[in-house]
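Chain IDs A, B, C and D follow the sequence of writing; residue 1 opens each chain.
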Amino acid sequence: MRPENSVAAPYLLEIKNLKKHFPIEKGFIISRVIGHVKAVDDVSFFIRPGETLGLVGESGCGKTTTGRLIMRAYDSTSGEIWFDDCRMGRVNVAGLEKKQLRQIRMNMQLIFQDPYSSLNPRMTLLQIVGEPLLVNGVARGSELQDRVAELLRVVGLRPEYMVRYPHAFSGGQRQRIGVARALALHPQLVVCDEPVSALDVSVQAQTLNLLQDLQKDFNLTYLFISHDLSVVEHISDRVVVMYVGKLVEHARTEELFYNPKHPYTEALLSAVPKPDPRLRTAPIVLQGDVADPAHPPSGCYFHPRCRFCIERCKMEAPQLREIAPEHYVSCHRADELTLAGVTKLAATAPAP
Amino acid sequence: MNESNPLLQIKDLKTYFFLDEGTVKAVDGADLELGTCSTLGVVGESGCGKSVAARSIMQIVAKGGRIVSGEILFHHQLCKPGTDRRLSEKEEVIDLAMLDPQGDKIRSIRGAEISMVFQEPMTSLSPVHTIGNQIGEVISLHQKLDPKQAREKAIAMLDHVGMPLPKRTIDRYPHELSGGMRQRAMIAMALSCHPSLLIADEPTTALDVTTEAQILSLMRKLQDELGMSIMFITHNLGVIAQMADRVAVMYLGKVVEAASVDTLFYKPLHPYTQALMESIPRLGAKKRRGERLASIRGSVPDPYNLPKGCPFHPRCAKRVPNVCDREEPPNLKVDQGHEVRCVLYK
Amino acid sequence: MLGYILRRVAIMIPTLFVISIMTFIIIQLPPGDFLTSYAASLRAQGEVIDEDEMEVMRERYGLNQPIYVQYAKWIWGIMTRGDWGQSMSLQVPVKDLIWQRMALSMVLSVVSLIVGWFIAIPLGVYSATHQYSLVDYIVTFISFMGIGTPSFLLGLVVMYVAMNYMGLTVGGLFSSQYIMAPWSWDKVIDLAKHIWIPIAILAFNGTAGGLRTTRANLLDELNKPYVETARSKGLKEGRVIWKYPVRVALNPFFSTVGWELANLIGGATLLSIVLNLQTEGPMLLNALTAQDMYLAGSFLFLLSAITVVGTLVSDILLAWVDPRIRMT
Amino acid sequence: MTNQPKIPVDEEAKIEEKIAVATPATMMWWKFRKHKAAVISTVFLVFMYLLAIFCEFVSPSVPDATSARYMSAPPSTIRLVDVEGKWHAPFVYLTEMSRDPVTRRAIYTENTEVRYPIKLFSTGPAYKFWGLWETDIHLFGLGVADEEQRVMLLGADRVGRDMLTMTVYGARISLSIGLIGVALSLGMGIVIGGISGFYGGAIDNFIQRVIEFIRSIPHIPLWMALSAALPLEWPVLKVYFAISMILSLTGWTSMARTVRGRFLAMREEDFILSARLTGSSEGRIILVHMVPSFLSYIIAILTLAVPYMILSETSLSFIGLGLRAPAVSWGVLLAEAQNVRSIALTPWVFWPAVAVISTVLAFNFLGDGLRDAADPYAR
């Protein structure tokens, strides 16, 4: 599928100081900018080939925007997005011209959250799944049909379904269609934007399994965006936590879940309701609401809700720093705090 | 749970929707029981009828739907206003299923004895009325208070649910509040007349996880303080494990298994419950990289043509050929307080 | 809120200016001017008008000046002296002609609008809450009829029925003895006796449109979760419906007052031509055909101004009733 | 791809194949079919347009056939049974005119001596079909000279012209002006609205202000002013197009708003973003993804705009500012019937009004049905 690179790049994707500020406009005839929503504010992380990076955070934290900035669905305000393309080599996606971008996008694909709005209801599966192949001149005619049939089979749908329209499918099946479309061009990187959030519990597991199987089979790299920490823990190798546009912590999954270094990560982990009635621990309940990204607080954005807040946190915004190998935190007190992570559960689920 | 002291008993409830496209048997023979001052968790996937069952109790089933048969026995504790319900001695049993959905009787129960919190705090509050107006309304309706007293009560209630600056918030409109604050307002409204039963229909599904934790701990606190029962409807097994005393699992309009929360999580019997338990990723249960989850094959069938026999049989890994696809499994009592609808336990 | 209103008023002023320029250009569009059409009508009656006389009159009315000079004089007269120019065909100042006619038009339109709503809202609510019932079907059908039948045709039908079956002559706003009489209590009563017919006709159209809007909006709102919340409080069904979804469904009414009024004024113009009412309609028509430019222009400008003001009022009303779009 | 499928093939619920492979058009048709009033209206409108297309052939007479013999004559009575009680194919008796000695009004009586059977494809006054072929074959008639006897299903007007003929000829102009007006508005609306929605920013802002401005002038007085500006000496065809232009001058604004609104909403759809990310060109996104999605909706909106145009033309012609005789449109015919007294005495001159109302009503029902069916995927 992919030619062996002579020089093995350590990262498939490297994000440096990515920012996206949406202007807030006001005014009647002549509108003027009265402020900015800092949807993504100075975010840096990397993904190695073949791994899955989880991106978690609460609604409005900028995780979806980050995913779309990488795909260049929007242009970033500033920052670099280095992608190691199998044909073009290492390029900064943020600075690409239209034509090169088209090339790059063949190697980066997006899976959407909503399996209903992401499929054109007026197209058959053949047209939907075949579109990337067709518009990029990869296949047409009967070859296109064969390719689509193969793709449908890969995601667990019958090739005969190719003549059907999306309305004939359930949410889980539609999500499979979305996956098939994303895989059509053999991308290197797939950005999964909450791919299982809209699905029923019983269908979630099927879809997660499918994504994992495909990763193995096609050597895919995932950026897995989700608000569900259990899902992220299950699927990710490393995890990035975001809060109000900022990256607060980035570490290997186990490290982050068992040994968090940021009070927000700790609170987040603690808040997840554990599916075990014998583990009824009182969670760390954060006070107040998530900060408004248009009017964020001074210093560390998390300080008004943080139980370890000191004067410095109110004045000075913490920088992201590596406090242990590959464990990045942006907290002034990361070194001194001992935070509770997830208690290790018995490796088995309650016996059937 | 105190079995001798039931608050609500639902027996063989059937609520159907008669639509142009056909009849949807949203609730098709459900049995539920809820004791005083306890929490019943109702868990199930979309379309399993859990919300419709809740609305049947309140007699507010959406257009096209109605209760076809069954009983909803509500043990109405008669006590002087202001005294603790738990101390009342007299009770009156009302079959809510028999009441006229628009009659006086059910309306005197709605909002006063039984109240409800909905999933979407944004759309569940009227966008054009202030919070105070909407809370005060239910107070003055059921407690016959004048507007000023009702307002004071509403402020006190907002304070009680941890709303910051209740005196100012009361004159706010829902869109001026955050999601968590709106849900607090909804809860204040639901609890303002000290109901004996609170039905919470996915109250935290639309909220973020940290807000969810706030609301869940608030509900627990209020339950202790006010001494009410909660019927907690959700699809989230984690929330159920944290909140419920007893759990009923619903699938396609039927309660397939009901047990105490510990039994259900540690000794589930129904294949559907077992599969659900195994299919969710658990925090802290990470095993080797790339390990697969157990999953339930297929998807929830179309409500217009349900499978014959056991509704779960097409997806069931343990189905018995020629049995499960023919006969409807009976509700079996396998243990004290543990019921399951599956032929495997006959 | 006050700042919002002030800002809106501030941008209204240039709009009105542009409208006044547009109307002036539009009434200047026909080839020739008042005098050519005047001469043509004289010629049609066999009379001849000589060129010198024409030139003198042209001079007097200022018709030989460039259009922008004419406009500047006109608008300056309006702004400084309230002088809307001279009606050339009727030989009186325009300001003596327009106000009473415009006032009657406004009374006709506004009363019809209010009457129409008073019927439309309860019927629409009933229709929506009893969807697919017999009454709903009938009401829907009638509202379609109301939308499909323009007011002037309805006016013809009413006149026909009145004449054929009741032996009445319908038309006008006053009995003959009051037309020229100064305003008095008796004249007002006489007006009320006549005006109800055009009001009924216009209100029928208004009701039809309003009913459809109410019904459609309410059907959308009835499924919203907040209705369920209201019901779960134990409120009476009537109160549930009227306090919550109806209240929300009525917002579009406020937001469309401006357009509704414009439509009604248009309909009223045609109807008043058919029924020969002493409103702006027949006079506007005559002024347009006679190229009596100041009279026609003044009417056009005032009608547009009413719509602009109506839109402003409806925006303010909407901001007032809907907290979601309330501006600071 | 060399991989073998490892995932078990989904055990799908039994979906009816018919529904699964139904094209969007089929789905719309299924939904539309349920709206009975819309279906009936469609049949009616097809009928009306057929009449309009073949008006020369369908009408038993020609529009310029004035006749003193039939001034304000009532509709002919079609009979099957003669005075002796014998059955015949449909026929009419000879109509004779006399005058009331006092009022001098025409009185029409039937002479039961003479029977004229109604013939299909009979000869009648000569006409040029579509202005191309000279012929004298009409769909029905008596096959005798006009002055001898006519069959007039809807009576005759003041100058003795057959009302059915006039109404059918009027349909041609009235029905087509609606379509042309709407087509013009659509053209302008799509181009301007599309530009507005596609480019956004300052252009969008400017166009929106212009639209608001145009909409703030009440339509009917504006139309009156503009059509009063049309020179009287213009030929019918020129006036016809000028009137459609005037009508669409305001009509395009609402069309542009709709198009822009849909454009903006559609740009936010996930499937559009997906198409863009897979490398589809802007042209493909617009043509393949966006246009089909709002086409059905636009058609429904158009259908609702047609009756508005028809009514507007009728109104303008009615007050004498639109088309004028010798043009034959429903508005022109009504303008001639304007005198209430004439309506009271000869109510049949009101037939064009019935045609207007029923057409407008049918269009409204059709539009309503189309709008309901426009998005079969709306949940």
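Please note the rule applied: contacts are C-beta pairs under 8 Å (C-beta built on N, C-alpha and C of every residue); 3 or more make two chains touch, one makes a residue touch a chain.
Nothing here was measured: the structure is a model prediction, and the numbers come from that model.
Under the touch definition stated at the top, subunit B and subunit D share these contacting partners: A, C. Of the two chain pairs examined here, A-D and A-B, the one linked by more C-beta pairs in contact is A-B. Centre-to-centre, using mean CA coordinates, subunit A is 57 Å away from subunit C.
Taking each chain's centre as the mean of its C-alpha atoms, subunit A lies 33 Å from subunit B.
Centre to centre, using the average C-alpha position, subunit C and subunit D are separated by 27 Å. Listed for subunit C are no residues, as none touches two or more other chains.
The set of subunit D residues that touch two or more partner chains comprises 8, 10, 12-13, 15.
Shared contact sites, meaning residues of subunit B that touch two or more other chains, fall at 297, 299, 315. On subunit A, the positions that touch subunit D within their shared complex are 29, 71, 73, 102, 105-106, 108-110, 112, 114, 116-122, 124, 131-132, 135-136, 147, 150-151, 153-158, 161, 163-165, 167-168, 170, 173, 176, 181, 184-185, 209-210, 213, 217-218. For subunit B in complex with subunit A, the touching residues are 45-46, 164, 178, 180-181, 208-214, 216-217, 235-244, 261-262, 265-268, 274-287, 289-290, 292-297, 299-300, 315. Every residue of subunit D that touches subunit A in the complex is listed here, in rising order: 1, 3, 5-10, 12-13, 15, 19-24, 27, 205, 209, 269-271, 273-281, 284, 289, 292-293, 377, 379. On subunit D, the positions that touch subunit C within their shared complex are 213, 215-222, 224-226, 228-231, 307, 311, 314-315, 318-321, 334, 338, 340-341, 343-344, 347, 350, 353, 356-357, 360-361, 364-365.
Interface residues of subunit C, counted against subunit B in their complex, comprise 222-226, 228-237, 243-244, 247-248, 251, 321-324.
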